[in-house]
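Both complexes shown next keep chain A, but they swap its partner, so chain B is in the first and chain C is in the second.
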Partner chain A sequence: MSGPSSSPADRRRLWSGLALPGSLWLAVFFLVPAYTIACVAFGRVDPVFRDAVPVWNPLQWQFDDAGEVMSSVISGPLRGVLLRTTAYVIVAVAVCLVAGYPIAYYVARQTGTRRTVLLGLMVIPFWVSLLMRLLSWVNLLEPDGLASRALRIVGIDRQWLNGSHITVVFGLVYGYLPFLILPLYAALDRLDWRLVEAARDLGATTTQAFRWVTLPLSRAGIAAGSVLIALPMFGDYYTTDLLSRSPRTAMMGTQIDFFLNGSSQKQKGATLVLVLAVLLALVMTWYLVSLARTRREQS
Partner chain B sequence: MGLGAAALSPALLAACGGGSGGSSEQLPIGTPQNPVRLPVTREPIADGLAPESGTLRIYDYADYLNPDTIARFESTYGVEVELSTFATEEEALIKLRSGAVDADLAIGLTDLSIAPLVAADLLQPFNRSYLSNFTNLIAGLQDPYYDQGSQYTVAQFIYANGIGYRTDRNLDTSVFTGNEGWNALWDSRYRGRVGILDFYRDTLSMPMLRRGLTDVNTSDRAVVEQAGADLAEVVQAVQPQLDGISYQEIPAGNRDLGFCWSGEMLAGPGYLPEGVDPSVLGFWYPGNTLTGNDFYCLLAKSTRPVLAHAFVDFFLDVDNALENQLYVGYQPALQAIETEQLIERNGLPESLIDALVTPERYESGQRLVRLSPEVDAIWVDVWSEFIAG
Partner chain C sequence: MTGRFRGLAFVTWAYLIWSLVPVAIAIVFSFNDGRSRTVWQGFSLRWWIGDSEQSLLNDPSLHTALANSLLLAVGSIVITVPLGVLLAIGLDRWRSRTSSAVGWMNSLPLVTPEIVTGAALLITFTTLYTSIPLGRPAQLIGHVTFSLSFVVVTVRARLVALGTSYEEAARDLGATRRQAIRLVLLPLLTPAIVAGCVIVFASSIDNFVISSFLSAGSSSETVPVKIYSAVRASSSPALNALATALVVVSFAALILSIVLLTRWQRRRTGSAGFHSAVNDVTQMDL
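Our next item is the complex of A and B:
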């Protein structure tokens, strides 16, 4: 451990050394798989077993199938899937924010045992596997399910599990909401509430103080939570697979799952993974730029 | 390194015309019109050996063997059976090839897989002297087109593609005659109450059969695209669910009809809620449909090949096969099993007698055979477009 008399160079070396295992982990378990996906996407298919044969030398990569997938994404059938997926994610993130922000705000304003209990309640959904929770919704939303029957009583009678966009968005919100609330809570918990009080002292109404002080100061938490749930939502396939199983609600993950697990065209699935990765990198870039801007404003 | 031509058995390549291109056309693909005798690159085990002790490792679909029947086999031979499972045939092939799964017997594979398994030298031939019950098999399956002489395979179950349905719902079952029955899947009156199989070969073939076509292995892109367009109409008309669980959903009452395999409906009574009469389940299939079978394979690296033979023979026994059918649902490929036995002993409801595949109907059905990579890519593209919605 670095002593009180250690030089800045020693401290830098110490921190670099501490970061080394994590960096190696990332290199091995992120960069290598990412490169492998590219090698599969631009590789070939074993003509006998119809399995992907990665081509490790980029000079030997073939782009025919990738080009076919890209043209489908840009102007073919996969364009609709991408747009649908994007729409689902945008709506689901928006609903998560509307539902999750008040919860995070409320918990952040609590103290002592009450806060601890509320935090515990927020974590409870993680105790049960998401798969099991979604399967329970399948039972509830079946034509004779409890939820379907209850909704019929109030005059809402429809098939919930046969290609319903509402059900898929609901499933996404249900599955990812806790992941939004926690970073949002962390951001609100760190908020300097004296600034809100100052705004009130200067004549701002509750709404104005929220709009001009609380909301801007929690922007980093909103961005972090939104990115945290949007990224996995883009690749999600089991929500629509369990709650819909219809082509009408197919997401990008559905297509990737088919190409990789149900077909002989695994290189096309890998190409779609890369397309999605590029799109998500754009979302991530937006988040990082937004975060840097927020920090500049706050400093 | 992936398995290309270099990893194929030289003897097989020689038998199939050789070459180094690694194209699947070099594989001996049997069809009903052109049966094949697969090349044998290793000798079967010798006659008269005693079954090994220890653990027999089996690779199979989940729920494809009756635990009670397995337990009786274990007590009969004083051994243990260890089961590993796969979800799709593609997964099984890849894991067997890569060595990720080490087993004695593979069960549930079909003729779509046999050529690559033999090509990669992953199988060993059966020794018929250990299979005293082999003659219980349906005659046509004792010498199947994909493996003449049943050298590497022993048939297990037979099935046909058709429509499973509820007899207690308001369905127009009068259409279930001739080829017209397929139209039920396009009937908007059943909107939201229909399921169709999520398997591209089976499901794209179905609209072709509906149109009276018989070439379900076509390389004609226009025909496959027409099938995709027809399926899109199904989505518009009835908003079906795509999956392979009609055997649960129809008995549970969550759907009224579904495009499924006959074995799914034969398994249906086991999924009915308590107190519901099995006669609520029905199945229809026309003469022009897909029929098929799966089989047992003895893996080349088996460390207990004699015990594996004993296991196969055990399940070829009529009583054991009936017990297994009671749990699995699928119909054993045994000519020795009579419809009356399934009704009286296994409680098969009369409403499901039509789900049984007679040897004659099995023979007259269409078969899916392995496609070349180029043709398969056409089918995959059309299916991808269909599931894109």
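Our next item is the complex of A and C:
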């Protein structure tokens, strides 16, 4: 125990000591697994047991098997899966933005009790397991489900849970929209509305003020929210699995789940995880670069 | 003003109905008298307690899943919150190149999709850390790993808001650094610590991907994993009852944390702390 006048070295020891257990945990259970993925993807496959054997020394990595998976992603059967995943994510994020922005805008312009009630209702989905929320739609979209029957009354009669792209994108929107609305709301809530009023005072119409003031000022929130939901969507496999169960709607996550859990093809699974991670790192980099640019412009 | 917002109000309420009513219907159907989860046949408690084999009370696979979910959530709190609080204090005060590297490492799990974390842990547990069996031990480690960063972010935000003046005052009055942390800083951090507990609990209860990747068969199924595996098989409203039970548990935890924090704030400041307790727990300005 040191007295009140502790030395800088002692202080450093105290602070780094406090940080040590958590840092160790992250190193052992996050960094090491991240490295292990690469060691398995670029490792060997046991010729007898067909089991993946990680190679820990990067100098001994071999890229033949990973190259096979890569060529499948670029020009083989996995190409369709990657393109489909990307298309689903782009469409779903776009729908989420178009639907979510007006909602976030409306809530941000409310005050008092009404705002509190709205926000309270918006947060409820965070407290209901995503799987339960999907389960509720499986119930509704089954052939004799309430939604299917209602749609049949208006003349739309189809199998919703059997390889329908619409259902999968719908499910992605349903699952992730709440997670977009809140960051959008936070961005609009922080927005300096006096600037919008100033534009109106200077003669801008409501539409012009929105187009040239509100929208640019909320760009950072739009980008942050989109990235926030796009990243997990790229790895999603349960939405398409629960709502479609068809290879026609398989996503990247479905393939990874199949390689690692469905069949024991750890090496292929590890390679595909790396592909996904690189893809997402690109999305993340794009976001950080555009964030830095926005900050520079505003300062 | 109201006229301009009428269209937006309509969209917002339509969204809320669309987002909440399906779940409400699923909850209602857990009380269905028939086997269907789609056609209402009258009210009964048979899928909760009545049926001697298939109800939530009597089907071991259902209440095992519920017990596993709760066990994992409580276990995650016990490990994650102390680790996260200490890491946050350490990172906030310890200014060096190493600490900013650790700060970076801490933000990585936040932007890594669960499937990447889950796959990496699965591969590591089956090739490198083979002494840690898949199932509950591996799942617990997985849950702690992805929720640790949430706690650190929450607590650091509060640390920044507090500044160092309270601790300095304590030090001027003769407290050692460790005493200042224990007797002054930790009590001031209570709202953030409670919020951290709530986040860890909720994200653990909700988690599907990591629980599923690291499970070892039906004995370590959690509620989301059970829903996933059973919804494809022909299933009964007992599955809805199971999902509803989890929702009830989540909201009970939320309410409990708000009540506890309100009482804590009343005792400290003497004023009504309900509003600020809600804001602290949900981390929003309601």
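Note that the second predicted complex is superposed on the first by the 261 of 299 C-alpha atoms of A that agree within 3 Å, B and C clash if a C-alpha of one lies under 4 Å from a C-alpha of the other, contacts with A are read in each partner's own complex, and residues count from 1 in each chain.
By definition in this document, contacts are C-beta pairs under 8 Å (C-beta built on N, C-alpha and C of every residue); 3 or more make two chains touch, one makes a residue touch a chain.
Since the structure is predicted, the reported quantities are computational estimates derived from the model, not experimental observations.
Peer 1: Would you sort A:Ser290 into first (chain B), second (chain C), both or neither based on which partner it touches?
Peer 2: The answer is neither, since A:Ser290 touches no partner chain.
Peer 1: Look at A:Leu78 in the shared chain and tell me whether it touches chain B only, chain C only, both, or neither; answer first, second, both or neither.
Peer 2: First partner only, chain B.
Peer 1: For A:Thr86 in the superposed arrangement: first (chain B), second (chain C), both or neither?
Peer 2: After superposition on chain A, A:Thr86 lies in contact with neither partner.
Peer 1: Which partner does A:Arg245 reach: the first (chain B), the second (chain C), both, or neither?
Peer 2: It touches chain B and chain C both.
Peer 1: Using the superposition on chain A described above, determine whether A:Trp127 touches chain B (first), chain C (second), both, or neither.
Peer 2: Second partner only.
Peer 1: Give one of first, second, both or neither to describe whether A:Gly17 is in contact with chain B, with chain C, with both, or with none.
Peer 2: A:Gly17 contacts chain C only, not chain B.
Peer 1: For A:Glu142, using the defined touch cut-off, is the partner it touches chain B, chain C, both, or neither? Pick first, second, both or neither.
Peer 2: In the superposition, A:Glu142 touches chain B and chain C alike.
Peer 1: What's your read, chain B or chain C touching more residues of chain A?
Peer 2: Counting contacted residues of chain A, the larger count belongs to C.
Peer 1: Based on the superposed arrangement, let me know which partner A:Asn261 touches: chain B (first), chain C (second), both, or neither?
Peer 2: Both partners.
Peer 1: Considering only touches as defined above, state whether A:Val48 meets chain B (first), chain C (second), both or neither.
Peer 2: first
Peer 1: Would you mind listing the overlap between the chain B footprint and the chain C footprint on chain A?
Peer 2: 52-54, 142, 144, 245, 261
Peer 1: Across the complex, what residues on chain B touch chain A?
Peer 2: My answer: residues 1-5, 8, 21-24, 27, 88, 90-91, 93-94, 97, 116, 119-120, 191-192, 198-200, 232, 235, 239-243, 252-254, 373, 376-377, 380-381, 383-389.
Peer 1: Okay, in this complex, where on chain A does chain C touch?
Peer 2: Spelled out, the residues of chain A in touch with chain C are 1-4, 6, 11-12, 14-23, 25-27, 29-34, 36-37, 40, 52-54, 99, 102-103, 105-107, 109, 116, 118-133, 135-140, 142, 144-146, 174, 177-178, 182, 189, 206, 231-232, 234-238, 241-242, 245, 253, 256-257, 260-261, 266, 269-270, 273, 276-277, 280, 284.
Peer 1: Where on chain A is chain B touching in the complex?
Peer 2: 45-54, 76-78, 80-81, 84, 142-144, 159, 161-163, 244-250, 254-255, 258-259, 261-265, 268
Peer 1: Enumerate the contact residues on chain C facing chain A in the complex.
Peer 2: So the residues of chain C touching chain A come out as 4-5, 8-9, 11-12, 15-16, 18-20, 22-23, 25-26, 29, 36-39, 83-84, 86-87, 89-91, 93-94, 96, 98-99, 102, 105-106, 108-109, 111-117, 119-124, 126-128, 141-142, 144-145, 148, 152, 171, 174-178, 202, 205-206, 208-209, 212-213, 223-224, 227-228, 231-232, 239-240, 243-244, 246-247, 250-251, 254, 282, 284-286.
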